[in-house]
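Two complexes, one shared chain (chain A), two partners (chain B, chain C).
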Partner chain A sequence: MSTLIIGLSLGMLLFLLASGLTLIFGMLGVINFAHGALYMLGAYIAFDIGRHTGSFVAGLIGATVLVAAAGALIERLALRPLYNRPHFYQLILTFGVILVISELVKIVWGLGYQESTMPEALAGTVELFGSTIPVYRLFVIGFGALVSGGLFLLIEKSTFGMLVRAASSDGEMVRLLGLPVSSVRMAVFALGSGLAGLAGAIAAPLFPIELGMATNTIIDCFIVVILGGLGNIRGAVAASLLIGLVRALGYAYMPSWVDILTFALLIATLLTRPQGLFFRATRSA
Partner chain B sequence: MVAGIKARHGVLFGAMAVALLCTGPARAADPDKFKIGGVVSLSGTYGIFGEDMRKGVEIAIEQRGGKVLGKPIQVIWEDDETKPQPAVQKTTRLISEGVQMIFGAVSSASSIAIMNIAKQRKIPHLVTMSADDKITVPNGSRYTFRTSNTLGMEQRMALSFTKEQKLKRVYGVTADYQATRDSWEWYRREAEKAGVEIVGADFAPLGNRDYSSIVDKIARSNADGVALFMTGSDAVTMVKQAGQVDLGKTRKIFGPVIADETMAAGVGPASIGVYSGVRYHFTVDNPANRKFVEAFRKKYNELPSSAAGEAYDGMAWWLDTVEQTGSWDKEKWVAAFENSVRDNSVEGRKSMRACDHQAMQDGLWGVVEKGAPPAPAYTMKIVKVFPPNQVFDACQP
Partner chain C sequence: MNVSRFDLWLGLPLAAVALLLPFTGPSDFLLNLATLVMIWAIFAIGFDFVFGLLGMVSFGHASFLGLGGYALALATQLWGLPFSAGLGLAIVAGALCAWLFSFFALRVSGIFFALVTLALSQLLYILADSKLRAWTGGADGLPGVERPGLGGIDFFDSTHFYWYVVAVFALVMAAVAVLRRSPFGRVIAGIRQNETRAEQLGFDVHRYKQITFIVSGAISGLAGALLASLLMYVNPQMLHWTTSGDVIIMTLLGGAGTLWGPVVGVLAFEVLKEWLSGWTQYWYGLLGLVFILATLFFPKGIVGELQERFGQWQDKAARRDGRSS
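After this line comes the complex of A and B, so read on.
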């Protein structure tokens, strides 16, 4: 039972991270290699704000806003001229963005590990099903559920979401109707980046903050996006939880097989349902 | 599907871009310089160590006026990304560029790969970080030397700690790769011989990101000791997450190399009370170390880490030996280093053993405590020094 809770918390963390990636891919068609780097940047910013203000919430908001702003800047300056070019331009560009962000982080915070302490209110533990569970893990589950619900409402029910979906299915037509497609795209990229920053801030107290964060997590993210179906938010939630549970169960019963299990799941999905496990459910996105 | 095809193209182009980025300009051989090829991890799981090693080496070179055999020393640094394949490629390229020796790497897998190339190409190879016992075996490579700790020393100290603390039940967590697995198996055998019960053993992938399930298993076990056979990011993540459920309050957490100032900084308060083997420490009190620490602080405004200290020590020793031969003949350097003794090492006396090219030295065992400036917030305190005969087996050909 405690494994289930750990699995859910792993899954929700993964969802926070993968949601931005899948959003950007689904709505803009951009495969953003730099997503992991934005996540790392979020963790460093949250750590630094937390260190200076002593407030976890300030770090959370600061990381989200600043990384979203960085995302908007990247979209405006670098990605926008490339939308009409073949995909690989975007890949090389976002790969370059990783290098830039990594170097920036090295210059500002150095190569060493950084450590972000948990907020007092969430630092304790609770006894559940015979196991000691950190309260923070439960917070991650709740927060992830909240964000997934909010994101779903935003994309599927709001006017902004409608505009985004319209722009992603036929940008030219939306532009002809006099709507600001460029701004919508920038907003989506900023939103996706902000989610990466938020994930970094949430992850900061759980893991060592280090440069390797970017590369370590991006692979899991891509697995989630592929399993969930490219650009599918509901799929991403389900796939994140699935991966989280597989990993938690794997760690509990056969830790040396965890990576193999995860990749086996990926390969099996690609062979049988290359459009993602949850493709049929949400064709619209 | 279209997206899939595009993605595949993208990956291909991405790979090409990486290949392009990794290809530096070729450098012509220059006999007027003493060229050193430094292959270390500047990224990847052990990326943190490479940069510190570079700093240590730079001090060693500066302290001798930047010269050996009357010629300026030039170090060409390469990043192996903590993987053997790039280590092989970069070492091969460095040798073709005419380096006189290879220094590195961080991960044992990379160092063993480099060792094999150095042996074929008859290029001296200095290891100051990788601890796999296979790097220095009797009748191993004539060209490879290690001046730093072996995992064997560190696992012996961990075993000695287990006995001293009278631990009854130990839970082991090991990074799933060869050197740490071998080390754990040795520890397990010896601990069981000493009457310690091994109540659990898990092998987590190298570069693992979450240990909470394993921590939960340990917390539910009746272990009184937690032995961690891992290092770098793995050890930091594991100890940090163990701290999230206060595992260290009821159990002794220890391991061959799970804590130093660098790692403790990433763990935070949970690192206090964690025991570990220490490769080098800035508090070791002797004139050579005081001089090194002062030079290091002056140049970098920080205290040297284990990686920096070991790198400095090995390189300073090697360059002094080369100087003494007065020759550019690599075979003479190797012959001289084989029987070299370093009385003024920063860790006390070190002597190179001709049979396996391993430097005999004291073993340091420490615990993380709260530090006061200028020491870092979490700093190691050396609690025991093991003489060489307690941490090394006799050399059996």
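After this line comes the complex of A and C, so read on.
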């Protein structure tokens, strides 16, 4: 049972992370290599706010807002001039962004590990189906579900979501209708980045915060996004939970094979269903 | 525009500097830096076969480089083979790995190609770091990688090793220059410009891509072996995907798809790195910033921009001559 809970919480965390990446790809067609770096930035910011104010919630909000602002800045300054060029320029440019963000983090927080403390209200454990479960794990699952639900409503049901989807399917037409396509794109990028920051803040009490997060996490995100199908948010939910469960099971029974199995699953998917496990022929959003 | 004349104009001074450097009484540091630049340049040239010529972004080239390094280390240390055999094995290892990757990666294109190569090379990195520890030494790597043994010359001497790398570099450059202008090279360029048209003209596009990928892997493997030999050390960091990122930065900085671009890119990268790191410890971030600006404002890279200017200048000269005669 506890393996299941750990798996679900890992999966939800992965989803928070990957949803921003897949959202940005789905709507803007940009692969953001710096997504892992933004996640790291979120963790550091949450850690610092938590240290100074003692409030976990403040850290959560602060990290989301500040990282979203950083994302907006990146979009405006670096990506906007590149939309008309081949896709790989954006991919490569965001690799440069990783270097810059990592360096900024190094300047502000130094090279060492940082340990964030668990918020007191969530630090305990509960007995559930005969096993002891940390409350924070349950919180991660609930929060992840909440965010994924919210994201759905935002993209599928709200006016903003409609605008975003319209701008992604035919930006030129939407512009001609007099709608601010550039601002919509910036907002999407900020939203995706904010999700990365939020994931960082949520992950901060679970893992040590360090510079390697930037380059390691992005690989996990890519795995989820490929398995789920690029730009497919539904697929990302399913893929994150799948990976989370596989990992939790793997850690419990054969820890040294976890990463290798994950990659094997990834490669098998690419061979048999390069469009992702959860691809549907209709619009991918 | 006469590109080959441009390549000559750019290549001659570079060659002159490379040949004269050992006679200026350089420090060991400078010689080793120059050796490093040439080795990375070989890697970047190999990488540019796929990136510049074929127009596909691979994030998997760290694998070919790293495998080349490990092949040399294992061949000389474990199996007691001579250096030259190890070098040959490194080339084969790079080619084989590229061949294996191509089965997975060439099924997809564009951004997916980048992601698949990234995933494959990370798998290899994790294997080298954990499961294959008995062979690779795990995260500690393998120290004491051999230098060449050729006619009793002491290649542990920086100058001698420098000449060795100059020779290999010159061979690779010549081979690449020929290959680029060969019918094979023209087909590759054609595929980049219009894949569908190349297909319709009857070329087996998949086969051409696969061969290009393998050649690229082989050159990268060679570079990996030389790098391991220069550092006398090989570790999984060589296989990490950020190494692939570095070579992309260098190639794009110099000018993807041009003959000298990768070389100039590596040179610029290393010189910038030395200069910035002497000035601030935060050089990698600044380099990232330089790279971002270069991508935004000089997407053709240093050599690409120069080539364009050179072409314009030649056109102008030709027009002027035309008027006066």
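Here is the rule we use: the second predicted complex is superposed on the first by the 280 of 285 C-alpha atoms of A that agree within 3 Å, B and C clash if a C-alpha of one lies under 4 Å from a C-alpha of the other, contacts with A are read in each partner's own complex, and residues count from 1 in each chain.
Everything below uses one rule, namely that contacts are C-beta pairs under 8 Å (C-beta built on N, C-alpha and C of every residue); 3 or more make two chains touch, one makes a residue touch a chain.
This one's a predicted model, so the numbers in the text were calculated from it and none came from an experiment.
Participant: Using the superposition on chain A, tell me whether chain B and chain C clash or fit.
Facilitator: Superposition check on chain A flags a clash between chain B and chain C.
Participant: Identify which of chain B and chain C touches the larger number of residues of chain A.
Facilitator: Higher number of touched chain A residues: B.
Participant: A:Val57 in the overlay: touching chain B, chain C, both, or neither? Say first, second, both or neither.
Facilitator: neither
Participant: I'd like to know which partner A:Met162 touches here: chain B for first, chain C for second, both or neither.
Facilitator: It touches nothing on chain B or chain C.
Participant: Determine, under the contact definition given at the top, whether A:His87 touches first (chain B), second (chain C), both, or neither.
Facilitator: In the superposition, A:His87 touches chain B and chain C alike.
Participant: With both complexes superposed on chain A, which partner does A:Leu153 reach: first (chain B), second (chain C), both or neither?
Facilitator: A:Leu153 sits against neither chain B nor chain C.
Participant: Now for A:Ala252: first (chain B), second (chain C), both, or neither, which partner does it touch?
Facilitator: Only chain B is touched by A:Ala252; chain C is not.
Participant: On the A-aligned overlay, A:Tyr113 touches which partner chain: chain B = first, chain C = second, or both, or neither?
Facilitator: first
Participant: Where does A:Ile31 make contact in the superposed view: on chain B (first), on chain C (second), on both, or on neither?
Facilitator: After superposition on chain A, A:Ile31 lies in contact with both partners, chain B and chain C.
Participant: A:Thr132 contacts which: chain B (first), chain C (second), both, neither?
Facilitator: So A:Thr132 only meets chain B here.
Participant: Can A:Ala78 be said to touch chain B (first), chain C (second), both, or neither?
Facilitator: second
Participant: With chain B in view, single out which of the stretches 6-14, 24-32, 78-86 or 96-104 of chain C clashes with it after superposition.
Facilitator: Of the candidate stretches of chain C, chain B runs into 24-32.
Participant: Which positions of chain A sit in both the chain B and the chain C interface?
Facilitator: In chain A, positions 31, 87-88, 91-92, 95, 215, 230, 256, 259, 274 sit in both the chain B and chain C interfaces.
Participant: So in the complex, the part of chain C that touches chain A is made up of which residues?
Facilitator: Within the complex, chain C contacts chain A at residues 57, 104, 107-108, 110-112, 114-116, 118-120, 122-123, 126-127, 130-131, 240-242, 245, 248-249, 252, 282, 284-289, 291-292, 295-296, 299.
Participant: Please name which positions on chain B make contact with chain A in the complex.
Facilitator: 1, 3-4, 6-7, 9-14, 17-18, 43-45, 47-48, 51, 176, 202-205, 207-214, 216-217, 219-220, 233, 236-237, 240-241, 244-246, 262-263, 265-269
Participant: Which stretch or stretches of chain A touch chain B in the complex?
Facilitator: 2-3, 6, 9-10, 29, 31, 33, 86-88, 90-92, 95, 111-115, 117-118, 125, 130-134, 136-137, 206-212, 215-217, 220, 230, 247-249, 251-252, 255-256, 258-259, 274-275
Participant: Hey, which residues of chain A end up touching chain C in the complex?
Facilitator: My answer: residues 31, 78, 81-82, 85, 87-89, 91-93, 95-100, 102-104, 106-107, 215, 219, 222-223, 226, 230, 256, 259-260, 263-264, 266-267, 270-271, 274.
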